[in-house]
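The two complexes that follow have subunit A in common; it is paired with subunit B in the first and with subunit C in the second.
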Partner chain A sequence: MIDIAIIGGGPAGQAAAQQTLAAGLSTTMIDEQARPGGQILRQPPATFAVKGWMNGRLYRPLRRLLAQTEADTRLDWRGETSVAGIERIDTHFRLTLSGAHGGTLLARRVLIAAGCYDMPVAMPGWPLPGVMSAGAVQTLLKSQQVVAGQPIVLLGSHPLLLVLATQLLDAGADIAAVLMPQTYGQIARAALPYLAGAIFSPGPLIAAGAAMARLRRAGVPMMMGARPLGFTGDGRLEAVDYTWRGQTHRIAAQAAAVSYGFLPQSDLPRQIGAAVRWARPAGGWETVCDGAMRSSIPGLYVAGETTGVAGADAAMAEGEIAGITMARDAGAAAGSGIARAQARRARMQPFIDLLRAVADPGDVWPQATPETLLCRCEDISVAQVEATMARLSPMADASAVKHRCRIGMGLCQGRSCEHALVRRIAAARGCDPDAVAPFRVRFPARPLPVDEIID
Partner chain B sequence: MTHEVLIIGGGLLGCAAAWHLARAGLTPRLIEARGINAGASGQNAGSLHFQIERRFLEPGGTGHAQGGDIVRLNRLAIEEWAGLEDQLGRPLDIHMHGGLMLAENEADLALLSLKVARENELGLPTQLLSGAEARDLVPRLASHICGAAWLAKEGHANPRILADAFADAARASGATIETQSRLLDLRRVGDDWQATIEQSGQITTASARHVILASGHWTARIAACMGLNIPLYLAPLMMSVTDRTAPFLPYLIQHVGKRLSMKQTDDGNMVIGGGWASAPQRMVDGLPDLDAPPHLVPDNLRANLTVAAGVLPCLRARSLIRSWTGMTCISADQLPIVGEVPAAPGLYVAAGGSMFTLGPLLARMLARSIIERAMPDEIALFSAARFAHLNAFVVQP
Partner chain C sequence: MSRIVDGVTRPAPITIEIDGAMIQAHPGETLAAAIVAAGAYRMRDDRSGAPRGLLCNMGTCSECFVWIAMDGAWRRRRACLTPVSERLRIATHEGQP
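Moving on to the complex of A and B:
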């Protein structure tokens, strides 16, 4: 039995591990990637020599933390491993692991710092090869030094697209266009209430401004207020359709990077029954916690995007808070910086609120047609889902719809479509998505080879 | 207003009974606390198993004598399932291409041949196959499978859509079906039953001549609130499903000596179960929480998949995508309890095992016993009267 299991090797998990290791607690970190870093510092394979990797100023504190984590020999690192199950047994936890370090792991305390993932957005043509999430395009760049395809169109409401565009420029990619559905005026109006507070963490704002200027200088067509209509192509992406200034346009592209926001990873908290709530603005479920990062389940802690998507700096602060709290709760010699980390985290909130307001896809969702697939695993269209909903009572929950039309019954178990279904049910009822009972999350959190279970 | 029949529970039993009653002109009202098919009716693995269980084989036991009645019912159930899609006028993913009960060793095989002989004697056309003959049917069966009992009409159906079909048919015939309607109280008032019902914060009462408790694992708890003892005990179970694979298994697979049911769905997924227990969640007082989904028991999952991959080694190459749990109940003697409760005239129950395979048939029989005011002989074996002694000392509130 170990003291601390940390699920996720990103900034939150690393910051927490620093604290628990310093307190002398045995700490195991589990991550699906081969090396720590999380998505924000998705590392190339150890055999790659990449000059100037992730050299930006904003990445420096993250890189420092990563270097410390990788150098810390006390940490039990288990890469290329998924956590398929989590249960509470008496006062400890049992994790079912799959992959390079498969088997079970018993831990007195568990931190879920599992990050977030790109929100899949159903619009016409979205299953075509070449249409990717912005995160996937970025991961290919960061970890494999590969441009997903070109010319590439970036589209969506999330300002991450600006960062991605500069990274693509650095890689020499041919960017056909950046299409954002908000106008500058809408962005300014959304940002205004938060600007005063956000100047306390000006770094990201300055970086966003610099990115805009850089894209302009490079001649990248930036179309604000452009509404993507969908993707077309014969067997793979060939063009992106959109409306801009009252006219419909088609632009040729081999790749598209889509970003309307991010969903917190919620499989494990929900599987074990921790309290969650609908995340805003993009959706999904964030795990509820107190100011010391304790979830509703004694011994289970959460930090980073699992608690609501707020970026890597917030994740680092929350990880530090969680690490100190775990050490305290374990009766170990805990670090003294918890108030400082909490204050640091609090100072970031205005900027996080600003970013959420600016990125909010609420009024600018792309429209799906009846033929658009909502569930890509089981090929369930919008029309099938709507017909099923129409046959049921408006009070029917997400599982009732799923059982009748198979939406969410495939390999991903709803990770990609559940948020969209819940939003549709909420819209039909005229209620908040938080009031709609989502799917019941079950074991395993990832498809688990039968072989691994029985041997 | 007094209803002729009030049905508590919108599962397979309740919805099917509502349909039969409505067709007979009785305009039943059905209330369901959650949604249609939200309980065990939609959570079971969908097996249509008609071969008899080993407890009906043991010579001299009470089970031995009951074997004949069980076989007669199973034959009726086969007819019932075979006609359902026509009667309900829609596809229900009902597949009755046959079922194999497997033997892995000599002891299994001895039991199987005893079983087949007994079933044939009772009029169930089971056939004993050699291991090679079984592998002719399912080439991927493990090489050590040394025999199988084959029954042509076994198979599987889709538990996720059946109750809806009954509910729609019942509505079309004049039944009233209300979801999100919870029974708060049920008591005798004069010759009628008076129910207190809560629906979206509104509390109403309704009286009925007849009440059917088709409430699955809730049945015993509701009965207890009425001062009645119905010996039904929780059976929290687990089922598992793998990713899809190309069709190769059109049959139901069972095991004569181990807990196993296995089939391939229309969509290609392998569904694996067989009566492995899950663990109910507990309330603060330690009693099981009847509303909460039971917890998976990892050791049972491993054991279940081990049995499955033991007879079908190709399962090792599949991935588990979901294990789920559900709650059903078994009666004190493992036979369903169906019919009027002697201590509470006008109150009917239907619960206690095999409720998917036998459900459509038992719902028809139950409706008949209300319409004709007499219990059909075919289900005399399941009569609640066999437990009448348990209510000798009760006072109903």
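Moving on to the complex of A and C:
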């Protein structure tokens, strides 16, 4: 039995581990990647040497934390391992692990700092190979040092696309276009209410401005107010269709990076029954916690994007708070910086709100057609889902639709389609998505070989 | 080739087999990255036989589920989380040798 299990090796998990290790608590960190860092600092393979890797100013505090984490010999690091299950047994927890360190792990306290993932957005042609999330393109670049395909089109409402575009430029990639559905005026109007407060986090705003200027200088076609229509190709992506300034265009592309926002990884909190709520505005489920990062389940803590997508700096602050709280609750010699970390986290909120407002796909969703697949695992189309919903009572929840037409029953456990189904049910009922009961989340949270769980 | 060369030092390449074709990969790379770098986007087929490729590259979506020959049997694994290794054999659709 260990004192602390930390699920996720990103900034939140690392910052928490620093606190629990300093307090003398045995700490195990589990992550699906081979090396710690999370998606923000997804490291190259240990066999690679990459000159000047992620050396931008904004990444420095994250890199410092990562260096400290990797140098700490007290940390029990378990990479290449998925957490498939979490249960509470008496006063402790049992985790079911799969992969390099498969088996069960008993822990007195658990921190879920499992991060987020790119929101999958159903639009015509999106299952074609070559159409990827912006995160996929970015992690191929950061970690594997591979350009996902050229020419590449970046599209969506999230400003992360600007960062990705500069990283692709650094790699010498051929960027065909950046298509953002908002106009500059819409972005300014969305940002305005938060600007005064966001002055406390000038770094990302300055970086966004610098990225814009750099893309212009490099001659990257930036089309603001462009509405992506879909993807075409024979067996793989060949072109992206969009409308811009009243005309329809087709642009050749071998790869597309799509970003309309991010959803918290919520499988494990929901599997164990922790309270969650619909995340605003992008959707998905964020885990409810108190100011000290305690979830609704005693002994279970959450930090970082699990509590609502807010970025790496917020994750670091929340991880520190969670680590100190866990040490306190364990009766160990806890660090004294909790009020400072809470104040730091609070100062970030206006910028986080600004980014959420600017990135909000609310008015600019791409349109799916009846043939568009909503569930990519079971190949269930929008038309099939609508027909199923029409046969059921309007009060039928997501699970009822799932049981009738198999949406969400595949390998991804609904991570790609559930948010879209809940939005459709809410729209049909004219209610808030929070009022729609989502799928029941079951073991396993990740696909695992059957022989790993049979003794 | 889509591997970044400037400033990146990789170990000497090895050869892996995808659907009977041999491609080069560097130890440490993920299978997904090796497939993308080789310009071969197919990772699996959907129910209609249409190809599917990498979507999330972080183990969340399972679109990159490939068949891997392991210990005399074909096992399914997420290509984005599987490191390449010498003599690795993978198939992108079921029933292949």
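Simple rule for what comes next: the second predicted complex is superposed on the first by the 454 of 455 C-alpha atoms of A that agree within 3 Å, B and C clash if a C-alpha of one lies under 4 Å from a C-alpha of the other, contacts with A are read in each partner's own complex, and residues count from 1 in each chain.
Criterion: a contact is a pair of C-beta atoms (placed from the backbone, for glycine too) under 8 Å apart; a residue touches a chain by one contact, two chains touch by 3 or more.
Because the structure is a prediction, the values reported are computed rather than measured.
The superposed arrangement places subunit B and subunit C next to each other on subunit A without a clash. Of the two partner chains, neither subunit B nor subunit C is touched by A:Pro36. When the two structures are aligned on the shared chain, A:Gly408 is found in touch with neither subunit B nor subunit C.
Counted by residues of subunit A touched, the larger count belongs to C, out of subunit B and subunit C. When the shared chain is aligned, no partner comes close enough to touch A:Pro228: not subunit B, not subunit C. Within the superposed three-chain model, A:Gly85 lies in touch with subunit B and out of touch with subunit C [touch as defined at top]. When both complexes are overlaid on chain A, the residue A:Gly52 reaches subunit C alone and has no touch with subunit B. When the shared chain is aligned, subunit B and subunit C each come close enough to touch A:Pro449. Look at A:Gly304: by the touch rule set out above, it reaches neither subunit B nor subunit C. Contact with subunit C, but none with subunit B, is seen for A:Gln144 once the two complexes are overlaid on the shared chain.
For the three-chain arrangement built by superposition, the Cα-centre angle with subunit A at its corner and subunit B and subunit C at its ends equals 80°, in steps of 10.
Distance between subunit B and subunit C in the overlay is 6 Å (nearest C-alpha pair, rounded to whole angstrom).
On subunit A, the surface touched by subunit B in one complex and the surface touched by subunit C in the other have residues 378, 410-411, 447, 449 in common.
Contacts from subunit B toward subunit A in the complex involve residues 35-38, 42, 160-161, 164, 179-180, 242-243, 267, 293, 295-296, 298, 301-302, 305-306, 309, 315-325.
By the touch rule above, subunit A contacts subunit B in their complex via residues 85, 87, 94, 96, 104, 378, 391-393, 395-397, 400, 403-404, 406, 409-411, 413, 440, 442-444, 447-451, 453-454. On subunit A, the positions that touch subunit C within their shared complex are 32-34, 39, 44-52, 80, 82, 99, 117-118, 120, 127-133, 135-137, 139-141, 143-150, 171-172, 235-237, 265, 376-379, 410-412, 415-416, 446-447, 449.
Partner subunit A is touched in their complex by these residues of subunit C: 2-4, 6-11, 26-30, 32-33, 36-37, 41-43, 46-48, 50-63, 65, 75-76, 78, 80-81, 83.
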